[in-house]
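We call the chains A, B, C and D, going by the order they appear; numbering starts again at 1 in every chain.
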Amino acid sequence: MRTSVTGRWALRAVALAAAISTSLGSSFALAADPVKIGSVVSATGPAAFLGDPEAKTLKLYVEELNKKGGLLGRPVELVLYDDGGDANKAKTFATRLVEDDKVVAMVGGTTTGTTMAMIPVFEDAKVPFISLAGAIEIIEPVREFVFKTPHTDKTACQKIFEDMKAKGFTKIGMISGTDGFGKSMRAQCLKVIGDYGITVLVDENYGASDSDMTPQLNKIKNTAGIQAVLNPGFGQGPAIVTRNYAQLGITLPLYESHGVASKSYVDLAGPAADGVRLPAPALLVADKLAADDRQKAVVMEYKTIYEKATGQPVSTFGGYAFDGMQLMVKAIETAKSTDPQKIRDALENTKDYVGVTGIYTMSAKDHLGLGTDSFRLLLIKGGDWVIEGK
Amino acid sequence: MAAKLLNSRLATLVFLAIIIGVIPYLAPSAFYLRVAAVVWVFALAALGLTVLMGYAGQVSLGHAGFLGIGGYAVAIGPAQFGLHPALCLLIGAVIAGVLAFLVGRPILKLKGYYLAIATLGFGVILSLVFHSESQWTGGPDGMQVARVTLFGWRLSGSANWYWVTGGALLIGAWLALNIGASPTGRALKALHDSEVAAAGSGIDVSAKKLAAFVIGAVYAAVAGGLLAAMNGLITPDAAGFMHSIELVAMVIIGGLGSVLGAVVGAAFLVVLPQALTFMHDYEQAVLGFLIMAFMIFLPAGIVPTVRKWLLERLS
Amino acid sequence: MAEFLQLVFSGLTVGAVYALVALGFTLIYNASDVINFAQGDFVMIGGMGTVFLAAAGIALPLAALMAIVGAVIVGLLLHRLAIEPARGASPVALIMITIGASIFIKGIAQVVFDKQFHSLPAFSGDTPIQVGGATILPQSLWVMGVALGLFVALYLFLEKTLLGKALLATAANRLAARLVGVNVTIILALAFGVSAAIGAIAGVVVTPITLTRYDVGTMFALKGFAAAMVGGMGNPLGAVVGGLLIGLLEAFGAGYISSTYKDAVAFVVILLVLFFLPRGLFGGRSVERV
Amino acid sequence: MSLLSVEGIGISFGGLVAVDNVGFNVEAGQVFSIIGPNGAGKTTLFNLVTGIYKPLRGRVSMAGEDVTSLAPHLLAKRGMSRTFQNLQIFFRMTALENVMVGRHMAERSSLLSDILGLPTAGRQNALTRDAAMALLARVGLTDVAEATAGSLSYGVLKRLEIARALAAEPKVLLLDEPAAGCNAVETEAIDHLIGEIAKSGVAVVLIEHDMKLVMKISDRVLVLAQGRHLAEGPPREVRENPAVIAAYLGEHGTREADRAHG
């Protein structure tokens, strides 16, 4: 007896929420039936600093798009959920997008964990899914309906090692975050490092929420023969590593990853960031790009809109979401249809799309379509970015 | 008469069975089945805490660690050793039980908040292992679980998993109710109130606590195995501190020591985030507010309060 | 030797913060038997509050003061609106309320502030000080100094002032305290207010080193709770020793054993301590009263 | 050979000697009382005998077998049962369930049959319930059987504890102030009950402040003062022992002793 009350209450709560969310959605439906695009990002939780700019970008993009008349003459409705970084919740929301909201496409998945949890849902439902997470496992082996926009860690490693090799560094120290990003990048780097004749003398770790890395850095400091240090990681960890690095008076060149390619890293690390090198997409140095750079226009446009609307500097992660959504929208336009299968086919045939992250050319074998040339190697000098090399 | 019905084991089971049986006919889409299946799985894990915390009064803030053991058993067994997932579910339960047996004896000597911090530490250590031993567990991004085939029938889709998890919950609830009404359950509830008096009645207090700890671990491991198999993925977060807290919150909000309470509490914490999506940025704040409000106004938990209210109305 | 010293500096800096959080736990526990899991969120309010007020153009010291006052107000509201109405609820229900409060505070913070990491400028610059081959940041000295200062101030308050004694009396026996004319409600509010202030001050001094975000409170609560327990719940000295111990264990664990398992090293030691001293280092021997 | 024998037992807490070199013997069917002012160490002595504290010195034996420092539940298995000065009731359970817990040792059902809800567990429950009801009837609490213990009055709970202790079918029963907080009628009933228990062959050890009750039903009385053995003997002898009157009872005690006469 007693739970029939609560049981029914629970059911009603779900039904009510669904009703409210649909009514909210339909409130900005124009004349025609909207094109529903789904998204699940980690706007809260430990990956919020990634998910938050992603969510903001997606919302802004759809707003702008609707202002310009929408897609295929229909308005676009973004159904956006926050998984809090929890893979189980992500899967539930993915099911909700497919079963309840009936979206025709999906752009989201902030972390590799949440993306991997959602993949089966979209594969089963045959709905195209562009992930915003880094790991190479997402697109290798190729899954029919799964794509992604961020560079893989492997390309970042290659970009860094190319530079090290050019500068003649052969013995390095490594300190990686134990979060998904850091671990995955560390593994990828160790896989390709041999190709550049570089060896790792010290291989250290730190936890995602650690607030002091001097013990680990001290080991690196005390190891003879190290010529440079690489720090695969994202979030606040690398900023603390950079500060501790300066505190300990280590003067070896420090390489960070694309995981901290944002203005906020420079702000957090302060003067200690001077001299740090990292691979980053063109987005970060929008105003420093050559006038004839093919990415200049799109990068400037996104940067202007985002910074005006949010008052915060652009980050690489928001850029991933921008490219993801833009790729999807272009695919829908090309397909001239909202049939998921046709969108998928158009997506796979993306050729020479100029995005803020890089220039994408996808194929049946490559659901990412970015090379190392999409990265620029940047040096931080006086709190600002300097493009090194080409 | 009404009181008897409200307190009867059979009535609870029948009631739960009806709920599980009826939902698929009311659910507008498979999404609702997915949400319900998640509720059933977490309710099953929470039932372990009903035995440990509700009956025996022993707090565990590391219970999700056992959930992780079950999950990773189902992930690692088929991938590394080619074992059948169903067998791995069993193996996971056994490993969790044996581990609980080994660490339980020293840990359960502690009382109150000291027990809380010790179990918390144990859970943190377990989740660090899942996090760090990448060659086995796939590291922080988790590990994929092969799809389950049972008697040639490929288990996938929300509807199938709904019935599997619902069935598992019913069995779990039945066992928990049995324990509650048995001499063992009486002994557990007795040592909850007074360990001295329980020992004075000839109850081997540490052995009974250990039994409750092992039972709780097995529940969590089975739930973890089902969760991993259902999601096709297990991540170290599933074994993390926040999930341990969540499990404890489920039994407390639902009503400590009540089998239905565990189910209601699990429903509360699983359904609420789904129901609050329209709040957007305020989702978390509202969730926290509701937890506070429920505990302030229903400190005994939802089910015991409703039960009391019903009993007063009926008599 | 230099390496050892470096690890000691690192451990003491982090440990001093844990100690401050543990002190907050201890104070509230003593007065009300409640384990306040929102304790870490006071640290966050102190740090984030200062960052945002400073960004709004308020001078840093004033911004810090306002943030601390803000945290105190949140602490008092927590007591008045959530703990006080639930008087008589079981300890687990009270813990659940503070966990709910913690989620609530984080939920509000991510809207009022934002979800990015932030930092504050160090109080006395970033030039490391060389000591015996190791280096220490001036800010670390600030953290340790403030922790020591707050501990001494708290000690003097509890031992030397009438109000402090009333608080201790309430901790020892609430009914008896009420009978001798102590206004228990005010004492409890005081404990929440002072705890919030300690947490927020910790947040202000530590943000230049550890950075801050809306959800850093969870980590601080976890470590602070562990520190309070290993020291012996309810004992201020135990809280400080427990905090420093955990900080040092993490540093030595990372430096000498494994950076991956440094948290595990700390918790293994905590478990061992509790197996031999089931009431923590300063919790005293338990005698069952029946 | 005495059923319960305590020799030279002692313990100290933080340098303070709480019980020092105390010994006594209790025979089957005997009522043995321990008296003394507050803080004399009576309850501590009980805690030493029942294994809650581990004695620093001395030994406890039951029917000649050394049981010193045995865990409380093992002592219970050897036939030792007790009640508590400040009530150790299972407050969340009903009165009936409290007594059913007391039957724990008589219950024959395995953990597995309990979990699976096998018929053996059900049959065992029924047996335990019947036995517990009988005991509740014996202490006159049949009508509160289904009430939650937390809702019952102090006097009722005192009797409930006795019923629970009896449920274990003890050979040695230690009662810590069973009549405290009871009115005259209730005290009378307890007096009667203790007599019956002793008559059935149980060795009863009693701590009690009600001198009238003590003098009436005790076979022997032990007087403790400041943790030490002061006097021991039949009630009359103890009552008239000048050392007891002078050194321990004092003036106030003399009055009390007079009252006990009358």
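By our rule, contacts are C-beta pairs under 8 Å (C-beta built on N, C-alpha and C of every residue); 3 or more make two chains touch, one makes a residue touch a chain.
The structure displayed is predicted, hence computed values, not measured ones.
Asker: Common contacts of chain C and chain D?
Answerer: Intersection of chain C and chain D contact lists gives B.
Asker: Along the shortest chain of touching chains, how many steps lie between chain A and chain B?
Answerer: 1
Asker: Looking at mean CA positions, which chain is nearest the middle of everything shown?
Answerer: Chain nearest the centroid of all protein C-alpha atoms: B.
Asker: Suppose chain centres are the mean of their C-alpha atoms. Which chain sits farthest from chain A?
Answerer: Taking each chain's C-alpha mean as its centre, the farthest from chain A is D.
Asker: Please tell me the distance, in whole Å, between the geometric centres of chain B and chain C computed from their C-alpha atoms.
Answerer: So the centroids are 31 Å from each other.
Asker: Between chain B and chain D, what distance separates the C-alpha centroids? Give it in angstrom.
Answerer: Chain B and chain D have C-alpha centres separated by 41 Å.
Asker: Using mean CA coordinates as chain centres, what's the gap between chain A and chain D in Å?
Answerer: Spacing between the chain centres: roughly 71 Å.
Asker: Approximately how many whole Å separate the CA-defined centres of chain A and chain C?
Answerer: 35
Asker: What are the residues of chain B that contact at least two other chains?
Answerer: In chain B, residues 132, 196, 283-284 touch at least two other chains, as defined above.
Asker: Of all the residues in chain D, which ones touch at least 2 other chains?
Answerer: Within chain D, residues 52, 84, 88 contact more than one other chain.
Asker: Chain A: which residues touch two or more other chains?
Answerer: 44, 178, in rising order.
Asker: What part of chain A is in contact with chain C in the complex they form?
Answerer: Residues 43-46, 48-49, 52, 178, 204-207, 209, 211-212, 214-216, 218-219, 222, 235-236, 239-240, 243, 246-249, 264, 267-268, 270-272, 312 of chain A touch chain C in their complex.
Asker: Give the list of chain C residues in touch with chain B in this complex.
Answerer: 35, 82, 85-86, 88-94, 96-97, 99-108, 110-111, 218, 222, 225-226, 229-230, 233, 260-261, 263-264, 267-268, 270-271, 274-275, 278-280, 288, 290
Asker: Hey, which residues of chain B end up touching chain C in the complex?
Answerer: Going through chain B, the ones touching chain C are 53, 59, 106-107, 109-114, 116-118, 120-122, 124-125, 128-129, 132, 196, 241-242, 245, 248-249, 252-253, 256, 281-292, 295-296, 299-300.
Asker: What residues of chain D sit close enough to touch chain B in their complex?
Answerer: Touch list, chain D to chain B: 50, 52, 71-73, 76-77, 81-82, 84, 88-93, 97, 100-102, 104-105, 107, 109, 111, 113-117, 121, 124-125, 128, 164-165, 167-168.
Asker: Where on chain B is chain D touching in the complex?
Answerer: 174-175, 177-179, 181-187, 189-190, 192-194, 196-205, 211, 215
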